[in-house]
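Next come two complexes, and both contain subunit A; in the first it sits with subunit B, in the second with subunit C.
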Partner chain A sequence: MNKKNLNILKTAIPWAVILLLFVFPFFKPDIFFLSVGVILFMYIALSSSWNIIGGYSGYMSFGHGAFFGIGAYTVALLLIEFGYSPFITCVLGGLLAAVFALIVGYPVLRLKGPYFSLATLCLGLAVPVVVINMPNELTGGATGLFMPLLPVDIFVNRTIFYEIMLALAVIATLISRWALQSKFGLGLNAIRENESTAETIGVDSTRLKITAFVLSAFLVGVIGGIFAYYRTYVHTTTVFDVNLSIMIVVMALLGGAATWQGPVLGATILIIIDQILISAFPGLPAELSRLIYGLILVLVIMFMPKGIIHFVNVWLRSRASAAGAEEVQK
Partner chain B sequence: MMLEGRNVTKRFGGLLALSDLSFQVEKNEIVGLIGPNGSGKTTLFNTISGLYKPDAGRLFLKGVDITRKKPFQIARMGLGRTFQIVQPFEEMTVLENVAIGDLYGSGEGSIMKSRDKALEILEFVGMKQKPSMLAADLTLPDRKRLEVARALATNPDIILLDEVFAGLNETEINESIALIFKIRDNKGITIFMVEHVLSAIMKTCSRVIVLDYGQKLAEGTPQEVSRNPRVIEAYLGGAVCSK
Partner chain C sequence: MLSWYEIAHGLIGGIFVGAAYALLSAGFSLTWGVTRVINLAHAAFALLGSYITLTLLEMAGIDPLVSIVFIVPLLFLLGLGLHYFLIKPTAKRTRDITGASMVLCFGLYIIIENLLVIMFKSDDRVLHSRYSDISLAIGPISVALTSIISLAIAAVSLVIIYFFLNRTYTGKAVRAVWQDREGAMLSGINVEGVTAITYGLSLATAGVAGLCLVLMYSVTPFIGFSWLVFVFLVAIMGGLGSILGVTVGGLIVGLIVSLGSVFIPLAYINLVLFVLLIIVLLIKPSGLFRR
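Take a look at the complex of A and B:
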């Protein structure tokens, strides 16, 4: 096969997969698969959004749950108080998350490495405490907020959220790919490699980091808004979950944080493992599955610290050069 | 006047790294900066390029005050630099390393244009065979060349070279000397360089500034400076005196 055909195939296959996923609900599958789809696409979208700041610039945020929760609460409040549709207000949720990221980004993005990670982790823990202590009429306090269901039957409901999350996953992945391949992404990569050197060749690191952080927070806020409507219930423990903040990091690292494909692959692998564990061992306590994630993370960091994609690329390259050497010998 | 420092002082806690230092670099000059280890050469470069802020004094680039400017602003105003300990973006290709310099430093053009410009510069510094190599896989001489290429890509008017000869053998040093003249003569870029290899300083610089304990100890042509007894005592030290 020549190179041009290979390139066409490389573009065609992902779009064919997306098309298949899009038409999948119309074959009336078991509702279980639609629910898995919603969660899978959500994590692909979240992890790809996280990767823009966490993977490309190396500023590993462990506090993206804060943006997710802000989006979720915004949508819930606007629906309950004013009856605005979450499918529109999710954009407002994203904007609010972005504004919040802009405000906290200036001080927090001055910190580097583990200090940045710790500060964002604290942020992710602090925001729900603020929300739960707000007046009950506003955020529902410790009771949370219940939203009215979409007036359709459960299968149609799942199908709607399945398609929306699929669209969000595609959009987030495309944005993340654009971000990596543009001037913006090259600048972020330079910051990850060496921030002060990047500055001395004209990279405005403060502005780039803030932009990446805000863009990332916006996308996560939108996704949080849609998730809130999917669950029809928001509470600080469900939408400001620290596990979510950590999961999206693990997914990106597993797949390969320096690449745009990494989060897609990482999220897919982890969600599939998760579903297999749940269906194979129905009584499995959540702690045990978390233990298994931990084990995966340790193994990945030990044997493929740059993620699966990098690992496979290196392997392919070494095989190609070995094959080349054999050719020469013949 | 290309670059000027007026009474620049930089302290690190109780240590006076630069003390009331004034210097000037004219357009199209090749000026050397020498001095014993710890005399403040790299500190001066870091202060000029904006990585450190001086505690007192002022710095001017082409007559514009850059004392309070950020490193990326100073870079865009036409000051390029290399680092003594080379700092390529290791996980990126040689081409990307240089293209970033053009994209952000010279502030024009698209990615495609930057790739062409980067290839041109790689050819200029003699590295055109290696654009797709990862910077991490380069040898030391190539890493040094890459540092120079990346700085050149920002389209500077003056370039600060921090020990580009260190760790190179004689052939490589001669190649680098030729490259320095080429940068000045073909591109019209002024050069201000820190160097320990004295023979290279003698061949390239028209003027040398000698630092000791953050102060200017002497200034003049390489010949004048190397005959100056104060310089011999402070910098060349016992090795020369005993000969």
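Take a look at the complex of A and C:
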């Protein structure tokens, strides 16, 4: 096969897969698959968004749960108080998260390496404390906020959220791909490799970092808003989950943080493993399935510490060069 | 109206908690400095120390103080194992060990937590030793004997680590590797061995810290995460890489938690801590005690 055909195939296959995923609900699949799809696409979108700041620039944020929660609460409040549809207000939720990221970004992005990671972790833990202690009529306090269900039956409901999350995943992945391949991404990569050197060759590191942080927070906020409406219930423990903050980091790192494909791959693999462990072995105790999950995580990262995508690329290249050598011999 | 009694109580309580957190954070700080690994499973290893103490007491009636003899070598070996079987092979395959190790240690954390759930169930466990229901009077304030023992163990351990790092050849080698890995290698230090010892020491101190904490508080397999948050706070506040910094950081965090609970609701204390941490980092971006 020649190179041009290969390139066409390389773009055609992902779009064909996406198209198939979009029409999937119209074949009336079991509702379980739609629920898995919603969660899977959500994590792909989240992890891809995180990657813009965490992977490309190397500023590993552990506080993205804060942006997620801000989006979720904004949507819930606007629906309950004013009846605005979450499908529109999720943009507002994203904007609010972005503004918050802008405010905290200036001081926090001055910190380097683990100091940044841990400061953002603290941020992710502090925001829910503020929210839960706000006046009860505003945020529902410790009881949380309940939203009205969409007036459709459960299958249609799941289908709607499945399609929206899939769209969000595609958009987030495209934005993250654009970010990597543009001058913007080049600057971020330079910051990751060596920030002071990047500055000396004219990279405006503060502006780039803030932009990446804000963009990342905006996307996560939007996703949080949609998730809130999907669950129809918002509470600090469900939307400001530290586990979520850590999971999206782990997914991106496992897939390969410096690439745009990494988070997609990492999220897909982890969610599928998780679902298989939960649903394929119903007799398995939850602790044991979690334990196996941890074990898989350890083993995969031990053998592919640069991420799965890097491992796959090396393998493909070695195969391509082997094929090339064969051709020469002929 | 707040009485002096309550404030004094808070102060003393803060010192007890702070010392235990300081010891817990010391090892975390060590492995970060020497190998650039953020050990997310650090608190889980401490919890292992707590459960060993509990099990030894309940199964064999072994005194919690004696169980140190079991915890230290066992966790030291686990530390060596962690280095030789997990961290080292991973580090060989990548340049960015910090990122990879975070996933690795997160997986390890999940494994340990669920192993503990399987073995010990997920309910609250309290240590009932022969020191339990005794309290001593310091002036008008009564203090639980277990807290005093915990403070003593933590203080002695911290002093031992301090002297190890500053007075012994191996300890100085650890610090040398910390400051400049290649330079240390060039001066003929066995970097490999020093790194392994660091891991052993790190987990051993974590185990002892787990013992200190189980003397004072009840534990569940899930408490590791909240301990980890304190480890972060303490290690960052004190500056990664200084035993003195970790001790002071631990005491500051302990005092804020303990004194704060006299004045304000518990939920706000975490907020105060986080805001304080961010302020500290903004003024001194590498912690209070890092030059």
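Definition applied: the second predicted complex is superposed on the first by the 297 of 330 C-alpha atoms of A that agree within 3 Å, B and C clash if a C-alpha of one lies under 4 Å from a C-alpha of the other, contacts with A are read in each partner's own complex, and residues count from 1 in each chain.
The definition used in the following text is that contacts are C-beta pairs under 8 Å (C-beta built on N, C-alpha and C of every residue); 3 or more make two chains touch, one makes a residue touch a chain.
Everything numeric here is computed off the predicted structure, so don't read it as measured data.
Q: Looking at A:288, would you say it contacts subunit B, subunit C, both, or neither? Reply first, second, both or neither.
A: The answer is second: A:288 touches subunit C but not subunit B.
Q: Mind working out whether A:200 is in touch with subunit B, subunit C, both or neither, as first, second, both or neither?
A: first
Q: May I ask you to decide whether A:183 touches subunit B, subunit C, both, or neither, giving the answer as first, second, both or neither?
A: First partner only.
Q: Looking at subunit A, which partner touches more of its residues: subunit C or subunit B?
A: Answer, by number of touched residues of subunit A: C.
Q: Which residues of subunit A touch subunit B in the complex?
A: Counting only subunit A, the residues touching subunit B are 181-183, 186-187, 189-190, 192-194, 196-205, 258.
Q: Hey, which residues of subunit C end up touching subunit A in the complex?
A: Residues of subunit C touching subunit A: 32, 38, 86, 89-91, 93-94, 96-100, 102-104, 106-111, 113-115, 117-118, 225, 229, 232-233, 235-236, 240, 265, 267-268, 270-271, 273-275, 277-278, 281-282, 285-287.
Q: Using the touch definition up top, name the residues of subunit B that touch subunit A in the complex.
A: Residue list for subunit B touching subunit A: 49-51, 70-72, 75-76, 80-81, 83, 87, 89-92, 96, 99-101, 103-107, 110-111, 150-151, 153-154.
Q: Contact residues on subunit A for subunit C in the complex?
A: Listed in rising order, the residues of subunit A that touch subunit C are 60, 107-108, 110-115, 117-119, 121-123, 125-126, 129-130, 132-133, 242, 246, 249-250, 253-254, 257, 285, 287-288, 290-291, 293-298, 301-306.
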